[in-house]
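Each structure below appears as structure tokens.
First chain A sits with chain B, and in the next complex the same chain sits with chain C.
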Partner chain A sequence: MKELFPIKQVNGFVFSLLLTIVALSVYFFDMSFQLGMTILLVTAFIQAGVQLIIFMHAGESEDKGTIYTSTIYGVVIALFTVFGSLLAMVWGYM
Partner chain B sequence: MEFFERFAVPHPSPLIYASMVAIGLVIIAIIAGVSYFKKWGYLWNEWLTTTDHKRIGIMYIISALLMLFRGGADAVMMRLQTSVPDNTFLDAQHYNEVFTTHGVVMIFFMAMAFVIGLMNFVVPLQIGARDVAFPRLNAISFWLYFAGAMLFNISFVIGGSPDAGWTNYYPLASNDFSTSVGVNYYNWALQISGIGTLMTGINFIATIIKMRAPGMTLMKMPMFTWSALITNAIIVFAFPVLTIAIIMGTLDRQFGTHFFASTNGGMDMMWANLFWVWGHPEVYILILPAFGIYSEIIATFSQRNLYGYKSMVGSMVIISLLSFLVWVHHFFTMGQDALTNSIFSITTMAIAVPTGIKIFNWLLTMWKGKIHFTVPMLYSVAFIPLFTIGGVTGVMLGVASADYQYHNTMFLVAHFHNTIIPGVVFAMLAGLTYWWPKMFGFMLNEKIGKWAFWFLTIGFCFSFFPMYITGLDGQARRMFTYSEATGFGPLNMLSFFGAGLMAIGFVIIVYNIYYSFRYSPRNVGDDPWNARSLEWATHNPVPEYNFAVLPQVESSEAFWDYKKKGHKLFPDSIKKIHMPNNSGLPIIMSGLFFIFGFSFVFYIWAGVIISAIGIFACMAYRSFEKDDGRYISAEEIKETEDKFGGAGQ
Partner chain C sequence: MKIDHTQPLEYSTEQNQLNILGFWIFLGAEIMLFATLFASYFIYENRVGNGPSGGEIFEITPVLIETFVLLTSSFTIGLAINAMRLKRTKAMLVFLGITLLLGLGFLSVEIYEFMHYYHVGATLQTSAFTAILLTTLGTHGAHVTLGLFWGLFIMIQIKRRGLTPATANKSFIFSLYWHFLDVVWIFIFSFIYLKGMM
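Right after this comes the complex of A and B.
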């Protein structure tokens, strides 16, 4: 019975609920914009990671390397795009 | 009648009316011709519903050639208009529409289609696969591209062309400054064909990762396949940005949002930013496959293996990453501070390093090689110096402080044509000539091909080198005319002369296709060029199933090993082969997408809703459809192989 019980998935499910509750706290508690956004961003990225690894089985097949490489590449490109745009349009704009 | 008034051309001229008549006549002629020769069944069964990657590739290439002539006609019109001062051949509005159409057609519907067409035809053959990973998706990709291209091409006779440049900058492209439906056409045509391109990207990554012949590790792939893999990775990461930017533009124009407005919290330059976040990787989407083609051709006709295989791959990977880090160099003059511009200036210069490595690798491949100056090789040899000039002027433009002088002048126009024409167009023509016998089983005439090459190359030099000078003298791009006092006249006339030579070159290419089709010998064998990579291990023209027996590979030059080193390429015996079925769904669905886009352009909501329901119905049908493909029996394969003389066994 123990072998059949999906302990990893159940833990993952509880953890993702926990992350949702933490994210939801931003709405219910009075906090500064910066703190709220930080909490939201951090929980969002952890949440995405939990989904990808536990529920979409990213690390379980022989394609592991390919999947992680393309995911990380995608994240890197997205970060470059977002921060590059901020640099060009806001921070570095005279 | 009020309903139909919206379709009127807002700024008509006799030329546009003549085009309307011509388009009508051509459509009637095509329908009449196909009916007269009773070819509807053939056309539908063999081509329109095909899922064969080779036929889809050929359809891409035919469409690309058609678009090349559309865009080329626009180019000649522009050069004619600016050939003498104060010319009145086109007025300002028409000139705007012509240069916008030229840019969009050439980049999206000519170059992209040509690149994807050659990838479609060649990549599965080079990796020893029967087809791409998702053949049905591949057909949808093509038909979506075709629907987008046709939607864009009818804009100038129905409702008016877009006129805000191929970069479509806001606020110029907003409703305030572009009042006709032109920019709507731009949005929907690119959106629809962009979906197709994105699916091609996914399809080819899956194909190359998953379907390589036994023994072909990543570092044993032919160079063109490597370039295709990297290109498609760039497509998958870059195109979503364009999709989102175009959706925001559409919302602005058709639903009253203010993403790119200059009021109400909008940022008009955000369009330029997002456009180039996609736009610069797009440049490498076009040039990397071209690099791959040159690598194949130069190795084949130097009779040597490609010099520096690993550094070729490495430099392409570096280029693909750097291509996402340079986009701000397209608008250095927008108003960023010096630090921001310096960062993007440095990343821009950095791209010259891997590109330089590739140039030296090609030179060293030719070094001490036995060079055969065939038509594909001539294009490749001309590419190296001409592209280097384009690259060096690119570095000049990349110097942010100096860019304030060059920005928006003909110097820039000369630069990017100097990279795109010897880079992409020459590569496509070279690749087409090189793989032509694989497609059709006969060669293009070498002598006529060389005439075309010289007309194109000399025409290119006459056409674009004068622009460097007029650009430095201050001639702005996209300026529909100029006064005699500027002194731009003679050099612009020279440019027009060059454009004429290039036009003659393209006509010679068409004549060459006709001539070779009529008179070229059909017994060219399977290896007319003494080539090296795997696609030449099967017959010319390639049978439906590509390889009767799956090849076993040990290096990136499997066919050369087979010819010279006694490598056993086909160890197995012939067995039945599983192939995908044809399907009419892709063309029907794309037809619905065309109606969807057209209705959206003109705010015809009934058409939008009905075609959207149709599109979803097609998807639902596909979800429940059971299609296990079909088998070609071993006897049938043996029969076909015997017809080819049983070679390749």
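Right after this comes the complex of A and C.
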């Protein structure tokens, strides 16, 4: 039974629950918008990293270079799309 | 087909390795798909017109249930893959079954949530904000729905054919998909719900 619950994955799960609870603090406590967004950005990206490395085994095969390149490329395009749109269409008009 | 026994079953043939790599590249494209939805969401977030804003219609309880249910299902599918590598077919099917039940639970709560939005007058046609909100949530929900059927068919195949390089490969790729949906949900949870209710 014990081998069905590897410690690495149990720890990953507990850690992701903790990150969710930290993220929830922005809802339960009164804080500035900047502080709240910082907490959310940090917890969300760490959470994504936990999933990628612990649960998706991104680094275990010989293709790991290609896998990380493709994923990071996707993330970079995603960040450019989101922050580029904000820059061009929201922040300039506030 | 050359089978390499030093590798886990899902990586044991060259075709299997390429399938997994190919799926990672697909996930890269999925990241960009959700990025365009998030970009549109942030642009339209405050364009509420005569309709409600996020802070007025979001409810913390269903969102919390959805988050913890999906996080747990991401954990159980990880356990399923671990059981698969130990060649414990039965344990693997149990974990896969729990994962899909949790997925179904997630979807039920999301459907309840959509009904709630409808009743408080937030539909696809209400405002730019509700349109992009429901499109983003709906795209994620549609992915989960697809995943439920995909996972079910994989369970049936494993039941019939046992663990082979082919079925192990499909299961591993399905687990990547499911974890990815959890990652997307984390961003929806943080930057749509919590940001909206802050």
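The rule is simple: the second predicted complex is superposed on the first by the 84 of 94 C-alpha atoms of A that agree within 3 Å, B and C clash if a C-alpha of one lies under 4 Å from a C-alpha of the other, contacts with A are read in each partner's own complex, and residues count from 1 in each chain.
In this text, a contact is a pair of C-beta atoms (placed from the backbone, for glycine too) under 8 Å apart; a residue touches a chain by one contact, two chains touch by 3 or more.
As the structure is a computational prediction, the values presented were derived from the model and not from experiment.
Colleague: Mind working out whether A:Tyr93 is in touch with chain B, chain C, both or neither, as first, second, both or neither?
Modeller: After superposition on chain A, A:Tyr93 lies in contact with chain B alone.
Colleague: Can A:Phe55 be said to touch chain B (first), chain C (second), both, or neither?
Modeller: second
Colleague: Output check: A:Ile21 vs chain B and chain C. Expected answer is one of first, second, both, neither. What do you get?
Modeller: The answer is neither, since A:Ile21 touches no partner chain.
Colleague: Who does A:Thr66 touch here: chain B (first), chain C (second), both, or neither?
Modeller: both
Colleague: By the touch definition at the top of the document, which applies to A:Glu3: first (chain B), second (chain C), both, or neither?
Modeller: In the superposition, A:Glu3 contacts chain C only.
Colleague: Could you look at A:Met37 and tell me whether it touches chain B, chain C, both or neither (first, second, both, neither)?
Modeller: Only chain C; A:Met37 stays clear of chain B.
Colleague: Please determine whether it is chain B or chain C that touches the greater number of chain A residues.
Modeller: Between chain B and chain C, the winner on chain A residue contacts is C.
Colleague: Could you tell me if A:Ile77 is touching chain B, chain C, both of them or neither one (first, second, both, neither)?
Modeller: After superposing on A, A:Ile77 lies in contact with both chain B and chain C.
Colleague: Chain A residues touched by both chain B and chain C?
Modeller: 66, 70, 73-74, 77, 81, 84-85, 89
Colleague: Note which residues of chain A are touching chain C in the complex, please.
Modeller: Spelled out, the residues of chain A in touch with chain C are 3-6, 9, 12-13, 16-17, 20, 23-24, 26-27, 31, 33, 36-37, 40-41, 43-44, 47-48, 51-52, 54-58, 61-63, 66-67, 70-71, 73-75, 77-79, 81-82, 84-86, 89-90.
Colleague: Spell out the part of chain B that touches chain A in their complex, as residue ranges.
Modeller: Chain B residues touching chain A: 209, 233, 237, 241, 267, 269-270, 273-274, 277, 324-325, 327-328, 331, 334-337, 339-340, 343-344.
Colleague: For a test of understanding, state which residues of chain C touch chain A in their complex under the given definition.
Modeller: Within the complex, chain C contacts chain A at residues 11, 17, 20-21, 24-25, 27-32, 34-36, 38-40, 42-43, 60, 64, 67-68, 71-72, 74-75, 77-79, 81-83, 86, 88, 91, 175-176, 179-180, 182-183, 186-187, 189-191, 194-195, 197-198.
Colleague: Under the stated contact criterion, what part of chain A meets chain B in this complex?
Modeller: 66, 70, 73-74, 77, 80-81, 84-85, 87-89, 91-94
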